[in-house]
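Note that subunit A is present in both complexes that follow, paired respectively with subunit B and with subunit C.
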Partner chain A sequence: MSASVKIQQAPRTVAPSRPFSVWANKHRKWLFAAPAMIFVGLLIVFPLVWTVYLSLTDSRGSVRAPADFIGIGNYLTVLSDFDRFWPAVGRTVYFTFTALAVEMVLGMIIALLLWRPFRGEKWVRVAILLPLVATPVAVGMMWRLIFDPNMGFANQMLSWVGIPPQPWLSGQATALPTTIFMDIWQWTPMVVLILLAGLTSLPEETDEAARVDGANAWQRFFLVTLPLLKATVIVAILLRSIDALKTFDILYATKGKGGGSFHEVETLNVYAYGLSFDYNEYGLSSAVLIIFFLIIIGFMWILTRRRKGQD
Partner chain B sequence: MKRRSVLQLLAVAVVAPFGVAACSGNDAKASGTVRVTLANHVWTDGIKAAIPEFEKESGLKVELTQLGEDQLSDQYNVKLNAGTDEIDVMMYRPLQEGKSFARNGYLADLTDHVTSDADWDWKDFQSGPVSATTFEKKVVGVPIITEREVLYYRKDLLEAAGIAVPKTMEELEAAAKKISEDNEGVAGFVARTNKSAAVTQFSSFLYSFGGDFMDESGKATVDTPEAKAAYAFYGGLLNKYGPANVSTDMSWPEAMAIFTQGNAAFYTEADSLYQNAMDTAKSKVADSVGFAALPAGPAGSKPYNVPSWGLGINEASKNQDNAWKFIEWATSKTRTLEAQKAGVPGPRASVWANPEGTSTYPKDLAEAITYSAEHGIGHDRPLVIAVGKAREIVGEPIVTAITGGDSAAAATKANEEFAKFLESDK
Partner chain C sequence: MSEHAIKQRRKPAGVRAYSWFRVAALTIVVLALLAPLAWLVASSLKTNVDIYDPTKTFIFVPTFENYVNVLTRNNYFVFIFNSFWVAFVSTVLSLVLGVPAAYAMSRFTMHRSALVVLMARVIPGITLLVPWYYVFSNLRMVGGFSVLILSHMFVALPLIVYIMMSYFDSMPLELEESAQVDGLTPIGAFAHITLPLSIGGMATAGILSFIFSWNNFMFALVLSGARTKTLPVAIFDFVSYASIDWGGLMAAATVVTVPIMVIALFTQKYIVSGMTAGAIK
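Our next item is the complex of A and B:
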């Protein structure tokens, strides 16, 4: 009892002499959130506002050079550019959807295979996760060597089975599919991880009940497992699609500025990067990035609405 | 770092899709520490090893940042745009970024510095390189590395085919044809193929065919008959006698790799990269590499002769006097001679005149360099402000020709675009 009295008295005697601690106590929820809010403000809100501002000016050469306010001029220029901008949009969409579709299907198959315990399971899991730990630039460099048209390992392997060498990254038509393959190689493990987490949290009873009722494996998967897993699947799609939309490193590491000599792999990100860092067209580049930002927001909005519908 | 520059830095960083870890938080004010940013290059390797000497002599400390060419360029774009004072000495490409940097006020005026010390001798620098580091009559950089395009070739293959070293473009084509037909898996000719990267090497072909990117009045001229012939020739060589599955992504490392792996007979490239071909650790053909001046086209042999790199001082640096001390030391006669002996062709006339300056070079390379230095053209890309964009435009017909397309039509189209670009590049 005496101990509890002491505890009650302590704040009363200390508080008046330290006004800051009183203030801090009152506002602690803001105080604790402040670092994160400052971080968000500095690194997200401010640059975003600045980019919007730049996109409305004819800033080029140097950001510090005087620039004129030109309203939506940059947006009109960008949206009427059928040489670089729209093909880049097309490639971004193509890259994202193809990579996403394959990663989801492949990820689901692998997750289902890993779901039930088996011998050597640990080793298989480690092997599957390996691509995830490599940095995308290193991954790009590695595949670039493998896919080298003359000295690469990929064509050497094809020659062993009598298939003529393929242009892979150097072909105008094959470059984008090859980079999609790299993305799939690197990011399918992440989908596996997410789906596996979802699978292991599923109740076993429903599956057993379906089994007792005589459902075969396909029926159990499509009618029981998949509907239960839907929320997890949507999370995986959300995370992967945003990442895939933003892909930059492997494209830049394999094909360089402009996405190759014919802009074969030039997605919106690569295009915007080239506009700022190669052409120093900051106004135009900002307009592209804002449009890109809106595309991503729109995409996220659609997906999260669907997810809410599921919940 | 000042608050203002932090904000500006952030503002610039956002235009890059991936963030820029540029803010190192170093707070060295005008001090005994000189912050030097250099590119990965043989020249840098030599300087790096000698820096302790400088530190001992001057009592200053050197803080070195070393980056790949593209990363260096991106760093400058971000940091200089933000007005950083974190860089004192910067290694930059006078022909690529010089005009734009000088125009933006990123480069300090060095005119007084270069003329202050007679022993250091500014007049000793070759005039071509000096003009490239001079902007509106002010000296804004000191050249450190010069380059000319030369012909690299395989002595053994030429000998086996009974062919003399080609002196003209026609001979080069005939030799490339014969060797590629006689040796399966060996290309007759290899060179850069990436649209942008190839422009500098293509330029010597363009001049040798009698063309240029612009005329004296600044009008686009990439659609002249001479230019069209040059596009067709350079691209045609690669299309017909280039490596199998020739890609349009090759810059010098890829093209050099094909040559040094023994997969090509001829290769046109900058002389400053010759050590890659001669190094027995990197090159399978080190023993059989020969060098010659660029074969003559209809207008003669006209390779470029340019300063590929220079040292400048960041205008925003608070440590400009110490930065100059570093540049003065790094570009001194002694250091230039050392660098040149290590394989970096320098910009000082006295070093070239000194037999020691060419003592480490293969004899045929030294002769090719001497010839090219006399007959060379002072630029290897369009001399404009937004060089990156210009290179993409004038490089288009090169890749069209490499892939077997109609390069003449591409040149006509490129010229229209280039003319439009030149209008806006002011």
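Our next item is the complex of A and C:
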């Protein structure tokens, strides 16, 4: 055995290679990983540090008038702002949790419907994929036309069944739920794909065993399938909640700056964008951004910690 | 096959009821997902007068007027090129940086390092956009392609590292090891054995990265200039304070989404595997 290896190796034995190649091979772990990490690090770490600094100043973005250091003033202003900031936090939480809850339930139902093979499966998969890859801004525009109070198809459909027209996006109370509906349309398919991948990787024997033991469909789902799928469900929740918390495209495309004239869809993301790029309130917006960042990191920490605990 | 048939015969009533229920339910799902898109395309083929006319909801004379307007009068070919160029270059560069990184992170189980890259997935883009805007405008880069490509790479890189890591994790190392026994250096084994074997994974990661970049809106909204505007930003040209050119808007929206959907249809298998990468571990 060892003899044959020697024979194979002999002709190809590398002549003492150049120093760089030796060095590179020895340190390939970091040689490979470092460029990507440095790139991401530079684009994250410096901006974050700088945002923290800005949040402690009254910067308005002007180079000529240097910003003054004002300590935690911006944070106090933001945290005592019950007109814009706290409602925006409320909307962010409402948007994220409502969208997430509906998407998880609908996604689970659709994934279960798709679980066992059937005819025409391919077509359903295509339908599921299309909303996912559609450009969110274009999707927002598309729904804007459909939900137009005067000529939209949504109200036309309501009129067929005798329901009075709804204001949808233009109503103060209905605007946010309407955008949540759009999020559900676009991103439920993502949940379906993830859960379906999880379902197809489950062993069939346990389900069969439960069937033989006389468990009905509900019992099999809640007592056998769902516990086995727990890790996948958490991954889906994690991925979806990250993106739902950050939703911007659809809100901006449908309601524009400030989340509409009454800020009816102004989430933290839209609020911070407006403060930064419409009003140049960089100091204040930086404080909002840091708070937003901490909320997201805290949220992720809770979710991933629980996940580790369950593994 | 025969086992399946036996099972079906054993409980006919329940199975048949379920399969009818399933057909009905899935039909509703497919309709709900596709009808709005059909509506988008149909509206793009209507005149602005027909869009307002409830009697022409389903039956109308299609016209390509909106498309002619969008493509000729609004510089759309430039925007299409911009979107394509930014998505293409940022995808290629992210693959160049991301694939070796994912390999090292998978091979040497550098979970903490991987977490650094994945942070980019979690942090809200807006948090970084303010400092980016400040720095890049001082460097006179805002409005150029390089800054757009950099910002889109920031989206693409974590995606590529994430997908490629789970790809390399599932790849047997024996081939690479035997290549090293045969005299290749570790980097040589990676370049000559591992990379060619991971083309499928790179295709998955590349396609998804291209789609995400094509669809990206917020970074381009702030960092692009008149010359480098991408399609999602250009759509807003059809929305003005006074009124909306609905026909033009829908044609523009169709021009943005249809190419990416066609790509998605042809590469369906890859996209699904990419989107669910690591989800079942």
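In this text, the second predicted complex is superposed on the first by the 289 of 311 C-alpha atoms of A that agree within 3 Å, B and C clash if a C-alpha of one lies under 4 Å from a C-alpha of the other, contacts with A are read in each partner's own complex, and residues count from 1 in each chain.
Rule of thumb we're sticking to: a residue touches a chain if its C-beta (ideal position, glycine included) is under 8 Å from a C-beta of that chain, and two chains touch if they have at least 3 such contacts.
Quick caveat: nothing in here was measured; it's all calculated off a predicted structure.
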Fit or clash - subunit C, subunit B, common subunit A: clash
Touched partner set for A:48, first subunit B, second subunit C, both or neither: both
Partner chain in contact with A:165 - subunit B first, subunit C second, else both or neither: first
Which of subunit B and subunit C A:149 touches, first, second, both or neither: first
Touched partner set for A:269, first subunit B, second subunit C, both or neither: both
Touched partner set for A:289, first subunit B, second subunit C, both or neither: both
Of subunit C and subunit B, partner touching more subunit A residues: C
Partner chain(s) touched by A:248 [first = subunit B, second = subunit C, both, neither]: both
Touching partner for A:278 - first (subunit B), second (subunit C), both, neither: first
Subunit B collision site on subunit C, chosen from 21-29, 237-245 or 255-263, when both complexes are overlaid on chain A: 237-245
Subunit B/subunit C common contact set on subunit A: 43, 46-48, 50-51, 54, 61, 63, 151, 246, 248-249, 256, 269, 272-273, 276-277, 282, 285-286, 289
Residues of subunit B touching subunit A in the complex: 7-8, 10-18, 70, 73-74, 77, 80-83, 100, 103-104, 106, 193-196, 243-249, 251, 254, 257-258, 261, 263, 385-386, 388-389, 392, 395, 399, 403
Residues on subunit A engaged by subunit B in the complex (per definition of touch): 42-43, 46-48, 50-51, 54, 60-65, 148-151, 155, 165, 167, 169-170, 172, 246, 248-249, 255-258, 260-262, 269, 272-274, 276-280, 282, 285-286, 289
Contact set on subunit C toward subunit A in their complex: 19, 22, 25-26, 29-30, 32-34, 36-37, 39-40, 43, 51-52, 54, 57, 97-98, 100-101, 103-105, 107-108, 110, 113, 116-117, 119-135, 138, 150, 153-154, 157-158, 161, 181-183, 185-187, 190, 211, 214-215, 217-218, 221-222, 231-233, 235, 239, 246, 249-250, 252-254, 256-257, 260-261, 263-265, 268, 271-272, 275-276, 278-281
Footprint of subunit C on subunit A - complex, ascending: 5, 8-9, 12-14, 17, 21, 24-25, 28-37, 39-41, 43-44, 46-48, 50-51, 54, 61, 63, 109-110, 113-114, 118, 123-139, 141-143, 145-146, 151, 153, 156, 185, 189-190, 193-194, 196-198, 201, 231-232, 235-236, 239, 242, 245-246, 248-249, 252-253, 256, 269, 272-273, 276-277, 282, 285-286, 289-290, 292-293, 296-297, 300
